[in-house]
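Okay, so chain A shows up in both of these, paired with chain B first and chain C after.
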Partner chain A sequence: MRFKASIQNITTFTKLTASLNSLGPLAWVKLSDDQVCFTIIPEQGTQVWAVLSIDTIFETYTVQSAANNVINLEVPLISLNRALKTALNATSAQIRLTKKDNMPVLALTIVTTSSSNSYAAFPTTGANNNEDAFETSTFDSAIGGGNHETIITQEVPVRVLSPDIVAGLHEPQCREPDVHIILPPLVQLKSISDRFTRLAVVGAKSGMGTTSSSRTRLEVAANMHGCLKMSIKTDAMSISSVWTDLNNPELDPSQVAGGEIGIAEHPSTRMKQLGSADGRSEEGWASVRIDGRDWGKVMSVGRLGGRVIACFCHEHALILYVYLPNDNGEDESVLTVCGSAVTSCPNWSHPE
Partner chain B sequence: MEDEDELPLFAAVSSSARQLYLLLRCINFSEKAHVQISEEGLKFSVDEAGVMEGFAFLDKSLFTSYTFRAPPPQRSSIRDSDDEEDEEETSTNPTFQISLPSLLETLQIFGLTDPNNSKPPWARDNPTSTAFSNNVLGMNNMCRISYDSFGSPLVIVLTEASIRTTCELTTYEPAFADEIPFDRQSLAFKTIMRGTWLFDAISELASTTPARLTLVARLARSQKPYFALSASGPLGSARVEFNNNLAPSTKPPPPTNPPSVENPAESPNLLETFQLSNPETTLRYTYKFSLIQKAARAMSVATKVSVRGDTQGVLSLQFMIEVEAGKVSFVDFRFVPLVEKDGGEMDDETVLEEGEGSGSGMEDEE
Partner chain C sequence: MVVLNFTLTPEAAAKVHDLLVCLGKFSDTVAIEARRERFTFTALNSSKSAYAALTLDGSQFFTSYECVPTHGGPDSRFTCSMYTKALLSVFKGRLYDPLGRDGAIDRCEVTLQDRPDQTECRFIVKMVCNQGVIKTYKLTYEAVEVMHALFDRNVAKNRWSMHSGAMKEYIEYFGTKTEMLDIYAGDDGRAVFKSYTEKVSNGKEILKHPLVTAVAVNTSDFEEFNIQAGLHIIISVRDFKAIVIHADTLKTSLKAYYSYPTRPLQFNYGCDGLSCEFTLMTSGDYNAVPASSPAPAMLSRTNSRAQSAATERTENRSMRSEMPPPAEPASRRSARRRNPGSRKVKSPKRAEPDPDSLFVTQEEEDTRWDPVDYNKEEETLGWDASAEHDAAIFPTFRDSGSLTRTETEDSNEVLAPTQRVSQIKGLW
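On to the complex of A and B.
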């Protein structure tokens, strides 16, 4: 079992692990020849099924194992994220699977070149010495050298999952969505939803009845006319924000079961008949209720800056597809974030 | 009658929710606020255990459009059939309670979605700021407040770019009707000063976490006003004195060049106005410090404060707040005094004697 890769895009990888870490502490990482999958299945809350093309984060990538060159790992995200943070200013970083004291670890080898400010004032000498330091050793440049090369090794203990453990894990199947819509920037959504959640706490305090603080149920709805609605209700108030002029992407006949006929019978085609583009109509909304805090965590994937398509299954589930932008402009990597609606799963909200 | 029901009782549009927020934040010390809608504006009042009240008046001039349709008079006569004569005036203006923190949170939703809200709109390095950008035009501050009929929620609609936020605040039955009586006709004393000076004094005194705040006002010899705030608590006591015409010893530069030339707008007197109804006696009222402190937010933003006490000892703090250049609004507070015990008064008396002594000493030097 061998896995070795150099990390090409440290910032993206760091942001990804940070975002995933806010949704669950442990990730199932599946490394195979052509893709890397990050899956988070917390006990409750939102699942993430992320499929990344290898060159999104890695290059010179090798993976070998007895099981079709697939390696399944359970990775503590907080440690991985912390390790990656030290690599943010690195000139190069490598990751490999090794053993230490018979324990499997993901070892990150990070090479950083730190130049102290006083030497940086003399760029020419600094550059010369830098080359010397490269060829000789990293340690003797303390006096003459402007730049110090530092090698940091971070080890993240992991657990290797056998194929039969993960065999039972499948991406949840969901019926065809009623509404699909491109979300406004998640950072914008998050700032408003965070304010709503705070409002709910304030409202619950001032309300006459003692409502439990866990009842921060955001209602998120969208229609097929470019409208997204987020609302929350408390004893003291009800507030809703409506976004208009968003985009409902067209379905691709080649991707929908049944082709053109499939699209004609697709629930979203029916939803197109209802509602209006100004968002004032009561009809045509597909809505789900989600826990406010959980939603806030989901919104943290916004830091990856990708395009997000939300698929609403009315009163059932909300699936977000986050497309990570690639260097060549195409977005291939997909993060799938599935949140089941509160109605079908009452214990979804967090206790306290 | 039919179309009267369709049109809302009250609707107003403000181009600056921030102004409303700044004023209402001053009285944000209670969960519920009373709102009274009238021809002249919106009056928000907040009450704390019946011993402190705060009012913020949003004048109709703060709004770009303001329509109030007084409810039909028969409504009030039906409701108050037994005492219609004296109720007629007040009951026509709708009064209700709302959750003030919720309202404040709502008003703050503005600018949240603007990525540049951390920077001022005139910042040069702000590439999206053009003459027509939303924050320069004030477009992202547009807010509409409406109240349809008795019992309906207070609706606030905020619009910015392609986002429309609608907030319906549940209206509750009014709980208290009586204001703390403050007799403007029989004032015991009145003084006007800068809000920040009062704020500085209160923040200074707050460091000892005092329980009580005593307000002392008298005319010193040669008709010099003397105003002091003294705080006392379990950790000790402290006092801030406001003296007009500082003694020369406390003024570092020699008085050869007149200081008023440098800044003619600034009054040389700390206390702009100082009136005592009975100049012979020393006025001394005591209030709960923690209550006075609740007005600190208003003190910090006010340009001027008028401190008044009536003969009953009720304190009125009226803050003049400049919401935009040349436009002022008022926020009022009223406090019920603490009844002093005899022993406590004796202690204060001794402290005061010392103060008097030093004060006269300074005058002698002059």
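On to the complex of A and C.
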């Protein structure tokens, strides 16, 4: 079993692990010849199925194993993220699977040109009262020259998963969505939904004093006329925000089952007949109710800066597709974030 | 009767703040030792594995300094102990602010009230602020005997020194929950700082194991580097972080002195009349090192002048009343490598970024994407009218009797009013 790669895009990899870490502490990572998959299936809440093309994060990538050159790992995201953060200013970073004291680790080897040589060459006030330090350092910078690289190795403990453990793992299937819409910038969405959730939390606390109602239900709805509505209702209040003039992307006939006919019969085509572009109509909304805290975690993917398409299955599920921009300008890597609606339980979610 | 009066510039007061923050990571209490010509803060951690002595030079650090201990001899001293938090609430951050914004002071005057004819013994700090505002703090203290850790630099043949700024860069690479730091000279002309945790764990627990981080630094990046090849010395990573972060506030070079594992290690740095010494217990494989060799094979770059200066200092130190270093019995040495976590330090907290920084760090920028913690009190709206709330959040230092009783933060006792309403004139 061999895995070795140099990390080409450290920033993206770091942000990806940070986003995933918001949703769950452990990720199942599948390394294969042509792609890297990150899967997070927490006990409760939102699942992530991320598929990345190799060159989104890696280059000079080798993976070898007895099981069709596929390696499955369980990785603690917090450690991986922490390790990657140290590589942010690196000149090069490599990652490989190795063993340390008979335990598998993902070892990152990071080379940085530390600024320490400049500290040594220009001692500041502190070193002034020590002539020796000054002399040695000037001597040093005179002959030292090029090789001031600092090498950092970070060892992230991992667990290797056998093929039969992951065999039963499949991305959940969901019926065709009623509405699909490109979300507004997530930073905007997040700050508003966080505020809503906070109000709901306080409302629940001060209201009845019942702790059971501390789950906060955000209602998110969208129509096929570029409108997104986010609202929260408690005993004491009802607030909502509506975005208009968003984009409902056209479906690609080659991607929909049944081609042109499939599109004609697609639920979203029907939804187009209903509702209006100003968001005032009561009709044409596909809505889901989601847990506010859970939604806050999902919004964490915004740091990746990708294009986000939300697919609404009315009162059933909300799926976000996050397309990572890459150098070619094409969207090749997709994060699928499957939020289950709180009210009804789709087949993959754990019942409350 | 003890006389102790001194005045600090805002810069010096800010340095006192910085050093108290550092000492707070070692111990809840800080001991003070005042002599005729110098003033020393010391702290010893609860496991007695780390000792810190930060000495302020009477003529260099202070604007004015006057100390006359009770018994007039040249070696006499005044000693007491105070809560680090209590001092920190007086020596707050932002005491020094060139723009004179909120919290900035003009000067700081400290006097000691310790006379048998007065009912109260107090450590009185006057913060003279701008616009003529004077904040006076009267702190209680406990008379204690101050002990010093003894360290003989003549024996400590292994030395290195490096600028604290570079060191700080390295500690930022370390994982957050690691406990131990192994320092050794690698074979390829590099010195390695390896932070790790020794914990035996199985199954799923493996994934909770903290990161193991090794930073390999080119020895030519050191200002001085004389380390016996193959010598591993292990200290607490939290102590090390606390020291480096403090050394970095002074922008000075950090020097390390040590002999071999299980013998104490000393870090030393200082500038502008402030001299800091930290003596730490070490662990490591004692047997791996030919400890008997009187002149260990140095890798490079001896520095004789620094050595002679150090010798002088050591002699000076050994005159003081002393506490032997917390040496371990030799019988335990074989088990040492396996189980160094047993000496872990309890009190130090995680290193925090500079709270005074005006700049948004990259990390902060990134945190806005993190999910909100709705349980944070300060974030939530609403109010709480209950009176006992305050007592729980703000630790109060009671103005009576033994200091140790005031330690419990969750005690329900509330600070009693010290002044009758009838005594207050001019407010109504």
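To be clear about the criterion, the second predicted complex is superposed on the first by the 303 of 352 C-alpha atoms of A that agree within 3 Å, B and C clash if a C-alpha of one lies under 4 Å from a C-alpha of the other, contacts with A are read in each partner's own complex, and residues count from 1 in each chain.
By definition in this document, contacts are C-beta pairs under 8 Å (C-beta built on N, C-alpha and C of every residue); 3 or more make two chains touch, one makes a residue touch a chain.
Note that the coordinates shown come from a computational prediction; the quantities given were computed from them, not determined experimentally.
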| item | value |
| --- | --- |
| First (chain B), second (chain C), both or neither touched by A:Gln188 | first |
| Contacts of A:Thr269 with chain B and chain C, given as first, second, both or neither | neither |
| Chain B versus chain C as contact partner of A:Ser240, first or second or both or neither | first |
| First, second, both or neither for A:Gln44, with chain B first and chain C second | neither |
| Chain C versus chain B, contacts on chain A by residue | C |
| First (chain B), second (chain C), both or neither touched by A:Pro76 | second |
| Partner chain(s) touched by A:Thr62 [first = chain B, second = chain C, both, neither] | neither |
| Which superposed partner A:Thr91 touches (first chain B, second chain C, both, neither) | neither |
| Chain B versus chain C as contact partner of A:Thr11, first or second or both or neither | neither |
| Residues on chain A lying within both footprints (that of chain B and that of chain C) | 187, 198-199, 202, 205-206 |
| Contact set on chain C toward chain A in their complex | 161-166, 169-170, 172-173, 175-176, 190, 204, 206-218, 220-224, 250-253, 269-272, 301, 303, 305-306, 362, 366, 368-372, 374, 379-382 |
| Chain A residues touching chain C - in the complex, by the definition given at the top | 15, 18-19, 22, 26, 74-76, 79, 82-83, 86, 88, 100, 103, 105, 114-117, 119-120, 123-133, 136-137, 140, 144, 147-159, 187, 190, 194, 197-199, 201-202, 205-206, 293, 296-297, 299-300, 302-303 |
| Complex contacts: residues of chain B adjacent to chain A | 31-32, 98-99, 101-102, 105-106, 108-109, 112-113, 115, 153, 162-170 |
| Residues of chain A that touch chain B when the two form their complex | 187-188, 191-192, 195, 198-199, 202-203, 205-207, 234-246, 279 |
